[in-house]
């Protein structure tokens, strides 16, 4: 049977705004993770330095000597993997959100500066962006983290550096588009100051694209943090993130596979949720936005 | 003479829309039939049905008999086999109908190379031959050019060359001159007429432009709202129109002198395909409409007192042109 | 065309210069005292001072930068503290292994990606299309190092079908190449699908059908050749994920390439090697992007050649 390359048939539009199910569903997952991150370690009384050698390397769904059910098993020092994962969620999400906010802020400021003042400043910033993009993938992050050493603050800073470009480009685009529009000139002639223009015209226009980019970008940030932690360049060993947990289970793959395997699934689900959220937001706000 | 192509009661539906509603006509070997109608009349869809080029989801009923075989009663693969070899089609806009990234020569000879096992070299020679035959100057050099390097008229000649490649017996030309300049239009129509004479193939010319039809077609088939409303030899139909639509069309086309002072456009709009008017589809725009026209759809019948083959689908053919 | 080439080349050189400068800034300026970073916090003062002098850190920054640029151009990156020998030399020694892995990853990603993308495009909105969409989303969301570990677990440990370490023989390349190519695979699949769907309406495809040529010919080469043109313009960026990913993936699979050397050198604070490796990979990336840019000019005849004759 041959399949033909035909145009996609047009479907009748439903009344509901596009993507609502996806937005709600993915937000639900994200909120679930956020709740686990916020309250999980407290509920499980997670202590990062506790050692319980009697209960080390228990497989998932088994019971500790104290009678507790460990859903995901225990690690090499006897920690409940589920509790450790919740702690990891706290670390990863904090880092992710912080890096996102920081790079968003940097991108916003630089984008406004570039778009507003134009000329050599604009050129300079755009060239800087191009130069930064000469480093493939997380190579730049690896380089900077290698020099700074593993720590939560460093990771946040490093990941913000990788992220500002997209935000800056979007902001700059909005500024350039707004600069041309009639009402901006009108406000200008009324004597309004630059800052007012920024606040009333430019920032609102940036809101939607920023949300889309943020949702898509935070997934990348979380993955990057995990990779850095895996290499020993992310969070220090004392602050268990998903990346360090997966790394710690590497030598035990054959015997205690759950230590490496399960946190990865947790990570993937969260990133998928952010990805779906970002796609759905983009479909709703502006299908023309260049996507992944 | 046995018709080359015989279409009977062809109906094509896309979901709720009936694009072709009971169309019947013949094309005899070596004759030129013009299928005339506005956009939305179903003329293109009819020919796409003949070539088996309808998109998925189209429901087709009726019969399309080519060379004694009903194509609709057989698997579509058989129709596809006839395409390019017996049946060929050229399209309206030669710029978008030619693949922009492949050389023109390669596209012209593609059928020969892929279906007859010719080598690239043989294909190239074949393409040069064809290009010369359709009047493309300097074919040795231009065979390696890309479509965007040709002018509009040259591109259409290249498409014709491509269609002739395997010696079809019926060439379907879907608005071949609509996208071209007026001067080039005449050249292309003349080329088609010459080629038809040389090869003896049948030509089905789809057009909305009656002016193009006059010197070229032996017979015309006029379509409106998916139906045939009048058919006959060109002379007959022009001199003795028997349908208000035909009359309207002829009145809205400049005559040989080019004078436009008596042009009368047909009032109203083509019918909405989702909500066709009851009875005769033309009645809302017809100056001769009477009650029966609103109620009963007229059937295509021989016109009394006129030569064989002149048929019309009208309740009051005698009123037309009177 | 030639003017464009020259301009593009000049810009690439500029970008490369910028990247080299960033590396300088990161390695010399960012850490408070690079010598201290290298020797570790327990080094004694005399050692640190000696190293500062050897590295030329006691000179003004601009002078250091000047020497640095000269060194880079001559590919002098110093000696490897850990392995001895020239830092860049050590990197170049392992480059063929990385290249082998990267090429295998790209070949895998392109062949499977085009296949999946085509399968999705010819039956849009069917379960197959959606399944492929979900598949690409999941791939893009899983951390590659974790995917590598899982593949190792399943194929090497449990099923014992493929070897888990070493680099001899084609069996060893399979798992790391697949892992490295996963992200790229997802991109190729998506782009092929969207590219094919975009050209699916084009009239020239009807012409091919009217010639009686089968659907296979309609898709390949006619539709594909056009659909992939815009893909080429963006593909350079995603090739970066392959290049940058070698550091992590080679570590996971203990693959003896330049990426793993960089990762190991970081642990041992062998910054000369790190510097050499990072700059080399960035340079490769810049070259790849340049090639891809120029490729676009070549594969679209409307861009390559002029208009009507």
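Per-chain residue numbering starts at 1, and chain names A, B and C are given in the order in which the chains are listed.
Quick note on the criterion: contacts are C-beta pairs under 8 Å (C-beta built on N, C-alpha and C of every residue); 3 or more make two chains touch, one makes a residue touch a chain.
Predicted model, so just to flag it, every value in this text is computed and none were measured.
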Ask   = When you take the mean of every protein CA atom shown, which chain's own CA mean is nearest to it?
value = C
Ask   = Looking at C-alpha means, what's the farthest chain from chain B?
value = A
Request  = Would you mind telling me which chain pair, A-C or B-C, is linked by more contacting C-beta pairs?
outcome  = A-C
Task = Could you grab the centroid distance between chain A and chain B? Build each centroid from C-alpha atoms only and quote it in angstrom.
result = 58
Query = Taking each chain's centre as the mean of its CA atoms, how far is chain A from chain C in angstrom?
reply = 22
Inquiry  = What's the distance between the Cα centroids of chain B and chain C, rounded to whole Å?
reply    = 54
Key: Residues of chain C engaged with two or more neighbouring chains   = 214
Message = Can you list every residue of chain A that touches 2 or more other chains, as numbers and ranges?
response = 4, 6-7, 9
Message = Where in chain B do residues touch at least two different other chains?
response = none
Message = Considering only the defined contacts, which chain A positions touch chain C in the complex?
response = 2-9, 127-128, 130-140, 142-144, 146-148, 219, 223, 226-227, 230-233, 243, 246, 250, 253-254, 257, 260-261, 264, 267-268, 271-272, 275-276, 292
Key: Of all residues in chain C, those that touch chain A in their complex   = 14-16, 18-19, 21-23, 26-27, 30-31, 37, 121-125, 137-138, 140-147, 149-150, 152-153, 157, 187, 190, 196-197, 200-201, 205, 214-216, 218-219, 223, 237, 239-245, 247-248, 251-252, 262-263, 266-267, 271, 274, 278, 281-282, 285-286
Query = For the complex, which residues does chain B have touching chain C?
reply = 51, 53, 80-85, 88-89, 91, 93, 96-102, 110-111, 114-115, 142, 145-146, 148-151, 159, 162
Ask   = In their shared complex, at which residues does chain C touch chain B?
value = 202-204, 206-214, 217, 221-222, 225-226, 229, 299-302, 305-309
